[in-house]
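Two complexes follow with chain A in common, the first pairing it with chain B and the second with chain C.
After this line comes the complex of A and B, so read on.
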């Protein structure tokens, strides 16, 4: 079955309707001027530019690294070469991409509160949910553009070593965006309640790390069930709560497949509609929490 | 004349850790701003002026009381907001944008677009005298230019109500005069202005009515003429020898100026004009003129706030 279909046709249609309805609502209610302003402002943040430059250096650095480690005479790329480049690049995109997503999501609203720009914006005929939506959409444009840029550079780096169409990589980038969307939405929710970017940044990192440790959380829960120790029981309970409330970000990772399969292969054992809806619903939950805390926030 | 801004028993309490630590920022405030007037909103730092403005703009929320803007109690509605222009104190404008770009951004928030927005931007830039600097990055603007661009964004939608927090801060004397003239011109066009300011002389020059706030309580309000009543008299005298001037001062008259035998004296509220004239005559001074003396807004402000401070201290003493 195609990875673009859910487990049955009706579910695919339902998911399609949900995704289209959410996209249409966002497109209709978003004050695009706020979103574009946020995008332009975000591109000027030095930290963001720093992360982006670092990721570019790592992506292209990986090519030189393989050239130095495995001398192939400069003509034929070995599997080890390509695998190393893939490993380094996909890790760099994950780390720098998520740092950019967290940093920008954590800072856009607190910065405007701090420098009072928000006063002039919210005194205009703009409702608070629209303001937040504009900011959130602006953040998503930044995250998507950065991810796209890193993906293109990764593809170029790979293409130089192995000139084939990097289909697997495109799927990986596409799914990574939804992983970042979830992390970004929850970071944004914490940022909407904060006056500084520090706490939301920590919260974003916590969600990203915990969301990628679901197997570990599962094993903590399993261990606590057979243990008599009250500390183990407590930890087990905490792990169970985290496991069942936080998103499982490992669903979005194609790293194992990228490393083990050919770069022009199609990913296996995934259902993209499920993951897209999963990502969008978690992001919606994050936005609703953000709005809930922000709607009566004193500025 | 209709009321455009109205508060009824407006109260704002910032909750502390305990009841004793609660801060009453506004206590049952009742103010009215009428259509087509400039209302000068005065008070020392921390008296609750900015709190009132933030409440009117729903940037914060009241603990009690009611507010109406243009008769509408739903002050968060975009319909109401369309009619309000706001200049915050010390606001930052994104410095990576040009003057006209920031106005375009704010114009979009009002739903303005295309040629009509461009035309309006041209107009407001002309009004605030920033046409020549429109293409410059805000990062290169002086403090006064930022204030002007702030005023321009407040005027963008041609609002009926302008709420201005310290509108002349950072401006040089010429620019202050220009802004003052502009505010009067806006008033004459029928707009209603609520101006919070520390610049008492400016407020006195342009305001129709004034309210003085202290520790969240409106101490007094009224028209400039009502507040600046003639409570004292001025006497100008000649043949005022230094000894004679000294004597009249000891008798309770206030010497404002005494040079080369000419003296300007002020009769305090506690003394009658007849008593004062008798004192001058007894010192053989030649009275040149007697005129009622109108208080300045600064004097009223100091008197009102001083009296509020005294009564507060007296209350504390009683406890």
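After this line comes the complex of A and C, so read on.
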């Protein structure tokens, strides 16, 4: 049964159909004027620009860091400096990118409630799920544009050091977006229930951290298996449920593997589309929760 | 939706989460298959290179490791599942002569395209072989197939329980806490930034190096590769630090104080311990990155050949380096090591290939005649030894009154001597030509000429002239120093001539080593070895002049035996002459070729 679920080709086709249906529904139902307005509004936010500038500083700072290292120890010709630039930059993109995704997802709806713009919008013939969808899509455009910008800067930094077109970087950035999509969707769900941006921001950070730690639940499950204690067994069962339900953001660590592709690596042809589907499905769950909370909200 | 909106939404959320969870399961399965695929490549490579994938351990430790059991199960399934593939050159096990299992043949890196050097860099990376790419895709499909699900599950379980020796260092949360030396906080492991943490720790290694804090570097280096097992440069530079920088200020341990470590198959002092730490570090790198030629190259050339002067192992690893995608100079170092082990024909054939790919290559042009001359020199010395033996036998026959037989033997000996002289003359001509055609003279050819001349003089009884020549020669050609010194000592002893202070010191040291060896028998794998001072040889207990099979570093039999029974490395590391028994057969290993250290 388990292996049937893991590798059945028909299930893959079914997933493909579901994902295409989700994309088509989003494209059809999204009020693009709201999405674009959210995007334009997001670009004006000083916090986001701040994060972007910081990320640029880190990306180009990484070059100085490795340059100093080279000056003092450059007796052996290696690719250590390029590897360090890649690691530092992808980490900077991950940290600042996720902060941008969290801050923007946490603030779009509460800000509109606070400055009362939402009342004007909802008085128009726009359904609540559409309004929320527009906002969500707008957030995603901001996240994607920021990510793209950081990716371009990263490519330039890398190109200066190693004049080869960093093709694998595109895949890494692409995967990073789907990691952000999950964090952004669940942060958005908390924001839909909130009237201020503080709580969703904290929740977003919490989601990102726990999302990266879910694999440690596996060791709880393993330890409970060898224990005879019923409490341990119960905890093990709970850990198993959480392990299998909560999104695991560590799966997206494939992005760092792609960046420093080794000759003995497996082809990534299957893994990347599977992660894309994974991101989209959890984002859908996040969005439905957001709508569930938002539809009965008194405004 | 309108009647039970909450219910519908709850069902939708549950459905989306369930689909996500199921997809998560699929992704997890793929990640496990990914790790499994890497292990298959590693285990197959190790089987090919080392001849075994299970460490030679005794008792409980041996039972703990499941590598062989699991690998055999996968191999059996691969024979059914993978499409047939022809057995190509290099696909046969030297030990048994049988082709490797299909899985091993599939995961083997295929020899690739051109070896031509580019003018700008002098090196060129050989492109990936398209056939290899196809085979890798096939193995990847096999690794994640449903038929292999039980083996994959076992792999995950064994790896978690650290029961796979071939899997290289694997990190777990507990490891960080257990490793008291590791200056890394658990926080650095979080949020998927392990590789960055590895990079930042590596910067500390660099800092420690420049501050001269060598001892601090070792735990930092280990932590780095623990966090990022694919950080190949960390393995390479780390091994370089261990083998070169850590040992640079250490003094040599006198031979008689060295301890025999069967695990290394060598007598070790402080420096050697660091060299073997580098060997182990690089081997761990190979387990994690089995297809990176740089790891094999550094292990073979930088450590085994350059530091340990162990060209036998150097050939093993450099050969493997040439089977991966590699740069052209890797082959050159392999041919040099082949020459050093006395495999002159193989070295010459390699240089000829190289010259065909790089017409006019200066080194290849020199090394082809050099190896031809060495082959002739070796054959000449063999003929000389044979002739001497015949003359001794003839003397005996004459004493026994068998005049006709003695005369026949003498005639045969003379014939052999003629052949020897002809070969020596040919070798001399080659060396003279080499010396004349190279602008500043060919150091190696000159040293060989001096050596031949000195031996001739010694044979004619003109030992003093021979000694004078050798003493001058060893000063002029640095790489000839050891060989010339050994010859000087040998000639002086034979002619009963006095030695100078440094030669006496050297002789004294050798005697002290022999005394220490004679006083301390060595136990290896349940066998006792004693040093026989009269024969200068290590003998396994129970040897009573039984018939032996002769083994030399250049012998193909030895390479095959070492693959089949890696424990042999622990025996032959004892000295230059070792007699041992294996499966009822006695072997005599002689390290020194007739030409000494070339």
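General observations
As a convention for this text, the second predicted complex is superposed on the first by the 241 of 299 C-alpha atoms of A that agree within 3 Å, B and C clash if a C-alpha of one lies under 4 Å from a C-alpha of the other, contacts with A are read in each partner's own complex, and residues count from 1 in each chain.
In the analysis below, a residue touches a chain if its C-beta (ideal position, glycine included) is under 8 Å from a C-beta of that chain, and two chains touch if they have at least 3 such contacts.
What you see is a predicted model, and the numbers here were worked out from it, not measured in a lab.
Residue contacts after overlaying the shared chain place A:107 against neither chain B nor chain C. Look at A:116: by the touch rule set out above, it reaches chain B but stays clear of chain C.
Between chain B and chain C, the partner in contact with more residues of chain A is C. Contact with chain C, but none with chain B, is seen for A:91 once the two complexes are overlaid on the shared chain.
Of the two partner chains, chain C is the only one touched by A:213; chain B is not. In the superposition on chain A, contact of A:224 is made with neither chain B nor chain C.
When both complexes are overlaid on chain A, the residue A:251 reaches chain C alone and has no touch with chain B. Chain A residues in contact with chain B (one complex) as well as with chain C (other complex) do not exist. The touching residues of chain C, when paired with chain A in their complex, are 5-6, 9-10, 12-13, 16-17, 19-31, 33-34, 37-38, 41-42, 128, 136-137, 140, 143-146, 149, 160, 172-173, 190-196, 198-199, 202-203, 206, 209-210, 230-234, 236-237, 240, 289-292, 324-325. Contact residues on chain B toward chain A in their complex (touch as defined above): 54, 57-61, 76, 78-79, 81-82, 84, 86, 88, 90-94, 96-97, 105-106, 108-111, 150, 153, 157, 163. Residue ranges on chain A touching chain C, taken from their complex, read 2-7, 11, 15, 18, 65, 69, 72-73, 76, 78-80, 83-84, 87-88, 90-91, 94, 208-209, 212-213, 216, 219, 222, 244-245, 247-253, 256-257, 260, 262-267, 270-271, 274-275, 277-278, 281-282, 284-285, 288-289, 291-292, 295. Chain A contributes residues 31, 33-34, 37, 40-41, 44, 115-117, 119-127, 296, 298-299 to its touches with chain B in the complex.
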